[in-house]
């Protein structure tokens, strides 16, 4: 009997389609919706435009524009690492500490043990990746919450950093004379008044590289899947452990590169750097539109997020705001930027 | 004949609940084996244990005569055992194509694929579209749509299409038609027969007795965490099967 | 272990080299005087709650005395009083408490004087040009801890600028001030702060920095726009890297402090007190024992006493 | 006769998908109205719009002749419209009792309840146990068990029990038997008839044609986001109903 | 036809039951599982025992034991507020800033405007609740992510605090002389060597009050439901907005009480307090076993979490560990405590 009525179902094969063409505004909204990084990009543009109108040439000069890039390069690179972790629904509070420890390893291995700076740099990079590996194993295999793991790692790595470095700074002049390659990322290209350091270029290249990997490789899809729903990802054939560990190791490695870039930026190797990097990088990631619950957002958004903070910081300082007022306004702008973002998403949904 | 998939004395406890209680299981080549039982009888737990989604507390599993112990669904999958779980196992934010190829993506030929590990999106999309058309899931407007924007039935269809497309030794379907409409259910049933005709054995869990009796070669009746008997649908009435699975009848009472 | 007397050292942080050296000095002095030493520190500059907890822990551990560099000079006084009530000798190091007599004794740098010295030196160095100098100031952080305020205001007074409220920076009206920014007392913040100041006015020619790491960061920022040779950077601290930077012309002048002396004097006082309950003396005319501050520069200015970087290197601390 | 629940020209768009396309809807007193349609036809969207779970882009709804605009499921609930959604709406970590009474908890009598706002757990547990027994969900071992430890079918049963217990004007069930076993399905169907006998009208969405034809007084056929017709199950064959809902037959062609 | 076989289903009504009695060990594990706060309690006991064995009387004295309570009281109270927010799957980075601003309002309203201290205290409490209200509205109604909202609020409130207080500390002596009620929570009861301040007692009472409210009132159940799955909660009849707003307002109010307690503890009103409260409170919450993803855990666990950190801090200091080594060890212990917790949960599941 079941066949008698069910067979009726087969008699029609018309393709159902009840979408209809929408207005231009809707198309824009749809574009924003499918390309989430457009939203922070627009906020960034609006911010630049706003400050340009108020401050004029002082702000719109190639010098000031590229200065913003230089000021965000460290946070930008670290925020890229942070993005990867946050995409897997994790969070990495240890990024700043790992960055500093790696830079200290690069410096101390050169100056304390007399290793060739190239070797010391490789040791520093390994050190960063190793820190990431520890976090990754704790998160992926022992299944501890990432917040706690990296909170612990933050304390551990930072303390190690202070104990190992003996709180000693290696001076810029010494580095310049004996191990200039440590300052590699501080080298610069000038075009007109615009100044691009290698660090800035590295940040931008890295952002595009990661955007490519996340979008066009299987690994990238797995990162999103793990962040979206780890159980579903596991059931549908993703090696969740391996994906998570690779993300943390890569994040540690990127932080180590940030440490190298840091030496280029401040000239010296200082164990007290980067203490706010964790919160600043998370800010950039979230302003960039990546969900803290994982699995949603684009890594280019992070770059824009970091730049938004940089534009506001410099813009407000140029407008003569006192640092405390700057903080107050940045706080409000963080909320406002995300509110705008949310609003656009809602309209376009 | 040697079973393709065999399990003996499987046990799985959740706290004080024994979800699988010394259960045995056999699947023979080329057959459709239906597993029926009350809600909470432990059917899903059984197939999760067989397919690596949970690791049983005790018991052994053989695939084609080889002892296996899958520690992840991926391990089972690479051994050719493809499963559609009751809670669908999809990544909501990713597209239909991404979900279908999760864990076995196709890379571009040549340098792009080898060195840059670039995915071959066009090939994957083409394949996905074909499989969904076979299932008659034409109401899906865009193959790159995020799975979260699909209706419950559409998701079910995507999951079944995925299993049918990739399963090579065993395909396990845990209530594949539960959320499906009449038309789509029919498509799934046809697909099951199609897979069977390719010689791949299928495990089908379903509460829909007419479907079970229409398709199954043998019916494994599950009750209180264990297999109480296996019956031949041509030899038993639906009423008796239901009575067995609810405990109203004992296996010994089956009229010969 | 095994010593009858024990003492605690509580510093603002244990990451700033200044306090690291202070601790090393204290450890050495404790060794020499047969005292057990426990070291504590706040988590960041301004963190007085951890310091309160540290004082309580010292009381619990039965120490005879506490050496304290207070993060909040008035907020800490209640805990200090508790320690004194429990019979501990409390000595303020580096930073006097408010009121100063809240501690049994104070061995400190006069931070206002340190600032005044570098301010006067900068003004002297510029000569007539001081009248239209463009000054950028890199402070520690937005919470304006006392030491930062004293150095900043001392510098401005030394330079000849009229102060607003001497208990805070940022309320001066003088047009020569381009701006105040924060550096967190580290290279990175120094560079970012300097860049921001330069973006406001690229012709800044005098830069005050809270400490030498911030000065090194500011120098990098100046170097990146090729102005490192025509800007005077002044700083406070006198750590060895800082003094080396003075010798190499990175920093124009720095006011050197003597943390090792403070720590040594403090430990000796506690050892003495444990022995016979005598309290240490104060410097004549001051309500604390001044451990001194010296201006280190290789281009001395008339009327501002200074030592050379060579002499400074012999006295430097880290 | 005046409909209990009436909707006119409802529209809901999701991006480029029009899930409800100028849909009308009528439910009359005391009847069981079945809603059938393909997967993705927009049945769930329709009842979400009616019950306040989503706010329609356009259109109007009347409850007992009064125009209403529910802005939350809670508003609908207090107006007496109780819904079991397709994705079950349970808090996994909370107990069965907590879930059943979510949003309408019973407080202790006297000071404890009034001033300390203390919940009357024993009363709530007793009530919950009774309702589950009525549904024959006796395999649930412990009424204080977290919902996440239940099997899919057990959860479905709890949701239905909740709706049946509290609905006073309209009860809406979106595929209530999809995950249920034979025995449990039967219980739900009996429960539906029981509710009907209490005079409360019911909207039943189901893909199970035999169930629909057994219970329904009228069948609302949904296709491409709108109601294409309403038929009387005693006047039409299952085949024709299915043909209508899949578009193989036009409403005009219904044999009189 | 459908009836023909389906009716067979009705013929049996035996109650299925295939649970079986388990061993004593299993019962313990089950108890741990259903009472999640037992796990941190056990960790706490183990820590106390460990230090007691190593340090002896110095640690086990009533003085030292109650000292731990005093040292954790501020973080403990703030962590209770944090727990509420985290139970709704949110996070509150602004807790420390709200606490300090409230205490500054209490102090400045008394001393700058000459209000009676009681009135100033009420103003301070209102100030805290108001900060919570702003966060709550932004989270519940504009639906912004709590992390970003409170990150912004943190900056805004902290900057307001510094600007409004002009970085001035109000001295303890002045408060004692003119507005002793501000120091109310600093009053103490001595029993033997044990010292209990009113602040400590307040913390404990508050913990039990909140535990009651979460467990035995409808509001509490709604908080859990919202944290578990807000959409499901909304569909099943919870007023999600109202619940969320009430949680944030309450959290702000508790932070204001923490601010009042802070005056009692340090004697003075200092605008630089509390800058680490956010991270410390989150640590306590997570060590206490509340899931950062919301909806799971018990608020008493938070109290134990705060005490665990307090015990380790004091214990390690008394054992003479250097501060950086202490940080390092605490970092490891954070990870270890959670690993143990996770392990027990796994075994008992």
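As written, the chain order gives the labels A, B, C, D and E, with residue 1 at the start of each chain.
Keep this in mind: contacts are C-beta pairs under 8 Å (C-beta built on N, C-alpha and C of every residue); 3 or more make two chains touch, one makes a residue touch a chain.
Quick caveat, the model's predicted, so the values are computed rather than measured.
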Note to self: With a step meaning a move to a chain it touches, how many steps does the shortest path from chain C to chain D take?
What the structure shows: 2
Check: Which chain's C-alpha centroid is most distant from that of chain A?
Finding: D
Notebook entry, point to check: Hey, which chain ends up farthest from chain B, C-alpha centres compared?
Noted result: C
Note to self: Could you work out how far the Cα centre of chain B sits from that of chain E, in whole Å?
What the structure shows: 46
Margin query: With centres defined as the mean C-alpha position, give me the chain B-chain D separation in Å.
Written below: 29
Check: With chain centres defined as C-alpha means, what is the inter-centre distance between chain D and chain E in Å?
Finding: 40
Check: What parts of chain E, by residue number, touch at least two of the other chains?
Finding: 1, 5-7, 9, 16, 19, 159, 162, 324
Notebook entry, point to check: So which stretches of chain B touch two or more other chains?
Noted result: 14-17, 38, 40, 87, 139, 141, 181-183, 185, 209, 242, 246
Next item on the list: Two or more other chains in contact with one residue: find those residues in chain C.
Entry: 14, 44, 142
Notebook entry, point to check: Which part of chain E faces chain D closely enough to touch in the complex?
Noted result: 1-3, 5-7, 9-10, 13, 15-17, 19, 212-213, 216-219, 221-222, 224-225, 228-229, 231-239, 295-296
Notebook entry, point to check: If you look only at chain E, which of its residues touch chain A in the complex?
Noted result: 1, 138, 142-145, 147-149, 151-160, 162-163, 279, 282-283, 286-287, 291-292, 324-325, 327-328, 330-335, 338-339, 342
Next item on the list: Write out the stretch or stretches of chain B touching chain A in their complex.
Entry: 53, 72-74, 77, 83, 85, 87-94, 98-99, 102-105, 107, 116-119, 121, 136, 138-139, 141, 162, 181-183, 185-186, 210-211, 214
Note to self: Which stretch or stretches of chain B touch chain D in the complex?
What the structure shows: 14-17, 37-41, 44, 86-87, 137, 139-141, 149-154, 156-157, 175, 178-185, 207-209, 242, 245-246
Next item on the list: Please name which positions on chain A make contact with chain C in the complex.
Entry: 58, 63-64, 67, 70-71, 74, 162, 166-169, 171-173, 188, 195, 262, 265-268, 270-276, 313-314, 317-318, 320, 322-324, 327
